[in-house]
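Read through the structures below before going on.
Shared chain: chain A. Partners: chain B in the first complex, chain C in the second.
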Partner chain A sequence: MGNLAVIEAILRDRKNFFGEIRDGIGLAPKMRAMLLSSIAFLALYGAVMGSTHSFWQALSSAVKLPLLFLATLVVCAPTLYFFNLIFGSNQSLGQNIALMLTAITVTAVVLLSFAPILVFFLLTTGQYQFFKLLNVGICAVAGLVGVMFLVQGMRIVAAGGKEGAGARANVVRLWILIYAFVGSQMAWTLRPFIGAPSMKFELFRQLGGNFYANVFASLGEILGFFTVR
Partner chain B sequence: MNTPDRTRLDELLDLLADEVAVRLKAGGPADHGGQAPSPGPTGLPAAPSAGVAPADEPSLQPASLAPADEPLPPPVGPPHAARLMARLALLMLVLAILINIPFNRHGTTLATALPDSASLMIRNGLLVKEAGKPEIYVYQDGRFRWISSLDAFEHYGFKWDNVRIVEDGFLAEFEIGTPLHALLKCESSPHIFRAERGVKRWIIDIPTFEAEGHTWSDVRIVPCTYLREMPDGETIPPGHGPPPQP
Partner chain C sequence: MTIDDVLAQVRARLDLEADREHELLEEIRGHLQDAVDAAMARGLDPEAALAEAASRFGIVATTGELRRAHAGWGALDGVLAAAVPVVLALLFRWLIFAPDGTATGWREALNRPAFWVIAIISLLAPLARFRQRRAVLAVWALFWGLSLATALGGAVRW
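Our next item is the complex of A and B:
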């Protein structure tokens, strides 16, 4: 429960929370708490998501979903830090990572709050393409809420430094786009998370195609335009 | 609103104001004296800093003491969100375990209990069998092809684990292609037979072989004893007498 207190702080008292990140207060315990709670929540969501296929897929997705978010964070964190630095930010890398972890934690909280809905659809519909698109939609909403927190956090944490504030705001917006692209490609690389019913369990699937083409193909099949092969 | 009502309202407001004053007084700086420093405002342990008022200094906590033009501090409610998240996480963990527990001897779980065909991804190589029929079909290039024998099934490297049972009538929605046969031949015999529904059918000559659309890569070499033990079926084309034995 101790680590979950951070969620209370982020959701209820975010200005104070971001203020503490700005002042460097308790960064390490905050980051640890956010890391642990987001891993737990993402793992649970992943387990539910993979349950449509098999137990092993559930287990695999429970590991891969937290890995997806953390690997994306590791890949994207230097870009945000150095670009902020170039445009006059005085934030440390730790502060940047704490802000990104805040976004991931909020994303994880939103995903977990969607988990009962996912279980409902899992038990009442068997259409793979629909279930896949439902997950893409939920992840998109959760990610959007997460980056909204990131933008707000960046604004509060960078409130002190006026120099290059406008440029830094643009950097954050651009970074969010990069984060989305890297995240979707990372998800494609680490797939399957749900597991196609006609295929056996695989830890990783061979590379080929891309995330966006697959989403459009699934959409096409649901709407009856064509069959995914 | 009449006068007696307004009086009662005034009394109530007075009582409320008194209560607020008493509570503010009770929660003032004097009460914190001698206590250990509380955790950071976020509920996590926080290092001492300028942002946290020491115990012996006046606290700025009560919102009513802040200047009117400053924004009020965010309302901090009881810490039930974290508790709720913990309970939700626990519930989802239990659910994730429950829906993955097999409930019959085939290993079906609640999560995978829905009919497969509703969630099948139609792709090349998909193997299906309608629940009430013995035939197995493979999806190839836009149509389902019947696999005519066990030999054919093995010859093309299919695996039983990959066969999906679908409801009767599922295949009616799809185009059915030519059957997928295995052609059998043994080393010491020049004759080629087609395995079909557990019998061997002799292909009488090369023109027939080609006319049936077969290729030499379809031919599987098997032991002659195996071929001899297999019952004879009608020749291809029919009506060419008893087939030669391999």
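Our next item is the complex of A and C:
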């Protein structure tokens, strides 16, 4: 399977695609193709994010954004696999990772589709807090679409499982929450992705604070309640 | 049952891009009509003739083959339409006009012949490359329109 043909298969022929994952057909080439295409798309989106600051920030974000998604996958994959196993799933770890990679690939495609819009705002606005919140919003939408694919894929791949189907569906829902929390904390740890205009380029910022407090602070500044320093 | 009913069953299984699907359905309609005419010439009534034609066509097997043979690259066109302008914008911004990472104004870029050469090639390249030219051109027109408007207006602060 061509690395980019996997996008066509996921978006247009997803039932067959998930059916093949269920039957374990071509798992390795599928995973390789999804990994490569999602890295490429995420890198491109990351480069646009960092382009508001400097060349080095663009380069750094192009590396860090794929790293963010893949590190989150590595951290969260065992939880989903073992809890599915406990509730009667017969899926292998490879099948679970393939499903998660499908979600990441869809997220990456959606992010890429937003990249021209991001370039548009890059050209037409210089407000850092707005640009940051725009990215948070875009990532949330993209993540949501990716997660919807994961739920659909889990349903198709798990079809035919005898016991614990309801419990496994709940496991997936809970896992999505965990994935979102881990992902947001991972993003906070790997920041900056955009780079505050008043600060010099740094590969990583000091630990401290958290993602949610920062989003609320940015909202507060945009709404005129206070100024973030 | 009519030919349209048979075509509706075929359509439900094809799941291709709309224009390609329409072409195929029209082609299948022609073949089915010929087969029905031939069967009626052999003395079958219209309903039996259509049933025989549909059976010979083999909806499940044939549509599966057609789907595999005609599966498009529409999603990839979309990926390219999004990626190409963004990649070129980044190349312009960071590698061609400001390789050292410093801000170079678009006004300054406008005075450089290289800018115009690359812009024109970039605008024309999608014409030769992609099937969905209108979509690519629309993205490009928007992108370059905005770029030039902001450059001329001096609103961009890199």
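Simple rule for what comes next: the second predicted complex is superposed on the first by the 228 of 229 C-alpha atoms of A that agree within 3 Å, B and C clash if a C-alpha of one lies under 4 Å from a C-alpha of the other, contacts with A are read in each partner's own complex, and residues count from 1 in each chain.
Basically, a residue touches a chain if its C-beta (ideal position, glycine included) is under 8 Å from a C-beta of that chain, and two chains touch if they have at least 3 such contacts.
Everything numeric here is computed off the predicted structure, so don't read it as measured data.
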So, after the overlay on chain A, do chain B and chain C clash or fit? They clash
| message | For A:Met154 in the superposed arrangement: first (chain B), second (chain C), both or neither? | response | neither
* With the two complexes superposed on chain A, say which partner A:Gly19 touches: chain B (first), chain C (second), both, or neither. => first
Problem set entry | chain B versus chain C as contact partner of A:Ile7, first or second or both or neither | both
Inquiry  = By the touch definition at the top of the document, which applies to A:Phe120: first (chain B), second (chain C), both, or neither?
reply    = second
**OP:** Check the residue A:Leu35 against both partner chains and state whether it touches chain B (first), chain C (second), both, or neither.
**Re:** neither
In this superposition, the partner of chain A with more touched residues, chain B or chain C, is B
Worksheet item: Does chain B (first) or chain C (second) touch A:Ala47, or do both, or does neither?
Response: both
Which of 95-103, 131-139 or 221-229 hits chain C? In chain B, it is stretch 95-103
Chain A contact set shared between chain B and chain C covers 4-5, 7-8, 11-13, 41, 44, 47-48, 51, 54-55, 58, 109, 112-113, 115-116, 119, 123, 126
The residues of chain A that touch chain C in their complex are 4-5, 7-8, 11-13, 41, 44, 47-48, 51, 54-56, 58, 109, 112-113, 115-116, 119-120, 123-124, 126
The answer for chain B against chain A in the complex is residues 40-47, 49-52, 73-77, 79, 81-83, 85-86, 88-89, 91-93, 95-96, 99-100, 109-112, 114-116, 118-124, 126, 161-162, 164
Within the complex, chain A is touched by chain C residues 15, 71-76, 78-79, 82-83, 85-87, 89-90, 93-94, 98-101, 139, 142-143, 146-147, 150, 155-157
As the complex stands, chain A meets chain B at residues 1, 4-9, 11-17, 19-20, 23, 25-26, 29-30, 33, 37, 40-41, 44-45, 47-48, 51-55, 58, 109, 112-113, 115-116, 119, 122-123, 125-129, 131, 196-200, 227-229
